[in-house]
Amino acid sequence: MSVAAKATVNPFGVTKCDDFSDEEIFRFWIEPAGISAVHLLQPTRLMPMQVIGGKGSGKTHLLRYFSRPVQLMRQGSTRSPLVDRQGFIGIYVKCDSLNASRFSGKGQQEELWSAVFQYFLDLWLAQILLSQLPNLSLSVQEEIARRASDLFDEPPTDVPQTLEHLVGLLRGFQRDIDIAINNLPLTRKLDVRIKAGPSRLIFGLPHILGEAVAELRNTVFLYLLDEIENFNEAQQKYVNTLIRHRKGSCSFRVGSRLYGIKTSNTLEEETNRRGSEFDVLELDSHWLRAKKKYVDFSERLCIRRLQAAGHFSGTITDDRQKLRNAFEEPSSAHFYQDYTARLVSKYEDWERPYFRKLRDQLLRFAVGSRRLGVLSNDDVQPIIRRLQRPPYPLLEKLNAFLLYKAWAKRANLQKASESISKQCLVFVQSGGRKPSTYFSAYQHFSGDMLAQLTRETSHKVRYLGIDTFIRMSSGLPRNLLIILKNAYDWAIFNDEEPFAGKPISIESQERAVVESCSWFFEEARPEQNAEQVQRSVDRLAILFREIRYSDKPSECSLSTFSCPSQDIDETSKLSLRLAEDWSMLIRHVRGQKDRNSQRVDQKYQLSPMLAPRWNLPISRRGALALTAEEVNLIFGRAAEADFVKMKEGRIQRMNAPFKGGEPAPRQASLEL
Amino acid sequence: MIDYSICYKRQLAPTDPYFATRQFDTLIAAFTSDKRSRALFDKINATRKQWVVFPEYGFQQSECPAGAFIGPDGADEAHLITSLLDTVVSQSDRICVDITGFLAPYLLFLIRSIAARGITTVEMLYAEPGRYLKSEETTFSGEEVRSVRQVYGFEGTHGADTTKDLLVVGAGYDHQLMKMVATTKEGARPIQIFGLPALQPDMYQQNILRAARAAEALGGRGVGEHADNHLVPAHDPFATATFLSKLIEDTPFTNLYLCPLATKPQVAGFGIFYVTECLAKPVSILYPFCGSFPKQTSDGIGRFWAYTIELDLK
Amino acid sequence: MTNLSADDCKTIGDDLRTKLKILSGTIWQARANSPQIDSWLANFTGEVVATDTERTYALYLLTRLMYYGQREIRALLRALYRDLFRYPILSEIRRANGDTKDSVLLNNLFEQELQATRFVGLGDVATSGPMLLYELRLATELRDDVFTTLDAILAGKASDVPPAVKRYVFIDDLCATGDQATGYSRDLVEPIRSRYGSSVELLYFVMFATAEALGNLMPPATNFDRVRAVHVLDESFKSFGPNSRYFPAADGKLDLATGKATATRYGAKLSGSPLGYGNCQLLLAFQYNTPDNTLPIIWSKVGSWTPIFERRS
């Protein structure tokens, strides 16, 4: 029927990272960072634990790793002894599956909901526990079932004989509640009979099992409650109560996103304290510590996908190289000579924009200054000429930058430009190794200078290549998959045959990055205060951007700031918290944490998945030290005008004439 | 599987004899600024005609038609609809509902509530849009999504085994809403329904363009050809219900979550299906509840439809 | 008529290209990727307004083109069968049986009606008629024996004529002016009518029709007893008509006059009807062919013009 259709399957089309089993994730990524899963979670330790982590921290993988089904898979067979040498049974539940938001409102009292919810949760967990015990003899089952029936205030009329019957009974009780809740809007009455006191089943069943089954005598029954942020405060209080008053050999591991724990109180309003009633395992900055391993893991992920799609089929080493080569990137040889030559090619006969700007600035602000060595207009040209090195626009930019630095120090610009010129020559002749001062400047600022050059020549600042994409993904494989998915789609649309020998073009990568950043920005939308948080991040990014693209940026590769933790106002604190929770900012832990989790100073990086929106660097080196007042202006409710004023104040020192520079006696009529 | 396509439906001409011959006891219609939500109110013969104004539209008292039912302050979908029906409807009424301006949760609960009152037949009318104000860039919901939750009366009896969970999304234009719902049930296998035939021939690809922005959240299956992307008519509640009926017959699942985010007839189809086949099952209807909705989303009027909903099919 | 600023061309163009990427990767099944789009855009060389402006309008029109691929066509044919054919018969049966809900009974009675029906493609092998019939068969999984050809009917093949058959359903894809269908009625269908009179029902069902064309075909203007379309294209689908749904666009930056002038100017070099046969001004294409009622700039191969969705004659 048709004209040739060439639809292809995108190897990165499914952006959920389901490619590795929980086992493999540990092997390739989390464990190699130094600590095994068992050491992290300590499943046989009775002390309850909170496992806190944002998206992509591996929290769910870690908890699921210890769930009974995965335990059994690890042993390789479901017919192995009840409990292996590990000594625990993991009862895993995703809190969301209870649809707990049902248990509130609808014209009923909160106390009633509380009681119903507790009973419901008990039934839910009991069903999971019981349905994960493998074959027991009928007599043992009968004993368990009988004793379990006694846990109820009113024993059931039809006493179950087997575990299956028992589970069926519990399921029936649960269904009764579900049906009652679903009919509630019609009947206006919550018709629920609570048949067992709170926690009777949760602690009672393990006790019974421990007594009735020999192999379970010394087993820890580990309740793994994942994503507890789906419970409201009252519901979390019940869990806290269970933790505080846990019995026998039961324990809890509670998984939550960064700020998902709503309360540490129990139903009786006692407070559980970290260190006494529970420990905390924080996973969120895990990948920051394990960077190398994450890179390795990411490459494996990509290669695995590409192999599955038939694009790659070699050894890991070969395929790693193929992956690198699959993306068009400008060559960094000879200080990006080819690439920068193309950028400036349109200025063939004219002065390059950065020198024109410098010239205008010198004419406007420096002429007439004895100190700077610029007595008349004629003194400007020699300075510029010394900075020129036409085959290497990037070095020219660096030279201009060094001159600005000298200018800011009020040094003699004639001498300075001579010195820069000499150093530049040595640098080129030594292949970019000497002298050390120039080399150091290049190391630190070449990235920023390249970005500036790109913008000044009216091109888009680019983020290219697999290394960049891995770094952008900031520890979340999903982000990487999305960038690659978009890159592949654009490459196909541009008829490029990606991963089949030809590298994906710069244009396709550009489009992919723009799309991926937009997606991330949209995703990172907090449920509350979204506008406030997005505006704060926008302000921060604009400040960073103006610094990066100023004449004399104070920090190189700026995407991070530090600030004190005192004197930050409440709105700003909330904005910071939400921005971090939604991965727009990444908090870098530094120094000693004190017991109540207050940092001496805090350090935040703008997410590399957002940085391209403002043409900011995705790697981080320098950090901007902000005062509390400045933080409040950025993250608080300050009016735009006040923020702008603060920003201009900072930027002024970085742009000619570097605040305090003497204006030329004749006010130039030149407009910059 | 139940074949809902035996139910009567009829496309109405502007001067259709239907309007003269059919008589109802009660007509309920939802008020919006779209002309099409008001087009049928005067044409229908009904002893009692009742406008209802949903708070999410943000109408001022003065903007509402005289005698409109406004509902108690802060009422949820169950409360508002129950109060409405209590005031307006008695057991034996022949009820007609113009669903054009209804918001999904209210429409769904209306179906549940009517069924619970033992009423087995209700006539639903629908006026299609001529076109949306900004094609695929039209906004259909306010900024703040307050919560994703089950619609009252559509909360199923779910189980702890989530290995084969399904999420069936009626893909609409509002990709933010689709994303929110998909994120809530990340572990579920997503199945998307796209309206084809669409209400207007160019709306199918507008739908594709818009839903593509939610593709990531829906497991990256995108909006193209895929076994889990289905084409179901946008204007036909019975085809929708039949599709869902076949789906649960063919697809084993542990828990099923439904989310109709496209046209009102689609929402009605989900509601009919649920009330007929899903009560006391591990099936729920989820919805991203918004604080506000725009008063107007479309221009012009397409076709008029009358659907005779039967709530006692087996 | 105004030119767009360079910035606008860039911003609007980028946005449109992103949409085209989605369309290309989905509905178009990669039939027109970036290089094909660029070749097509190269046709527009600034004869009406600035080149970049013309190309932005072209991109916009391309995003509005209603393209139906194989999957979509099958879905429409299913809808045609279900809504235009099956439902009216089924509901009549139901009413005649006291509104029964017994689907087994209803389906049995419907089966009898189906057995007495034949689906026929209009037009010869070169046209889309037979192909559509084939697609209909795949889409609905109907048995072979309810399909037949005009030749078989006119030859009086017993299984395909009354009294075995009481209903013929003629299928087509687009009825934009009604000219072709009127021709069919007169040349192909009339013999059936004259031979069998009112003992047969003659139904003409299409996927798309303009309101105007449908009006032209209603009995007694033709031999068809009933004429229906899955989608009726009203005035607003006339790309540059006064009620066009396509303009203004991009928050008012793209206006109808400029769009029309551009399409007309280049269209005039390509066809005697610069905006499509019958001046229909449609933006509609099928995977298997593009109707000539669609703007010629989309499909024409005249001279050195590079089409984007070419029309095969």
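Note that the chains take the letters A, B and C in the order they are written out, and that residue 1 is the start of every chain.
In this text, a contact is a pair of C-beta atoms (placed from the backbone, for glycine too) under 8 Å apart; a residue touches a chain by one contact, two chains touch by 3 or more.
What you see is a predicted model; the values in this text were computed from it and never measured.
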Which of A-C and A-B has more C-beta pairs touching across its chains: A-B
Distance-maximising chain from chain B - centres being C-alpha averages: A
Rounded Å distance between chain B and chain C, as computed from the means of their C-alpha atoms: 29
Length of the line joining the C-alpha centres of chain A and chain C, rounded to whole Å: 49
Centre distance in Å when chain A and chain B are each reduced to the mean of their C-alpha atoms: 37
Contacts with two or more other chains, residues of chain C listed in rising order: 25, 29
Two or more partner chains touched - positions in chain A: 7
Multi-chain contact sites of chain B, meaning residues that touch two or more partners: 222, 224-225
Residue ranges of chain B in contact with chain A within the complex: 76, 78-79, 82, 109, 112-113, 116, 143-145, 147, 149-150, 152-160, 162, 176, 179, 184-187, 216, 219-222, 224-225, 255, 279-280, 284
Contacting residues of chain C [partner chain A, same complex]: 18, 20-21, 24-25, 29-31, 33-35, 70, 131, 135, 287-288
Residue ranges of chain A touching chain C (in the complex, touch as defined): 1-8, 489-490, 492-495, 511, 515
Residues on chain A engaged by chain B in the complex (per definition of touch): 7, 12-16, 93-94, 96-99, 101-102, 105-107, 124, 127-128, 131, 171, 174-175, 178-179, 181-186, 481-482, 485, 519, 522-523, 527, 530
Residues on chain C engaged by chain B in the complex (per definition of touch): 19, 22-23, 25-27, 29, 64, 66-67, 71-72, 75-76, 79, 82-83, 86-87, 90-91, 94, 101, 103, 106-107, 208, 230-231, 233-234, 236-237, 245, 284
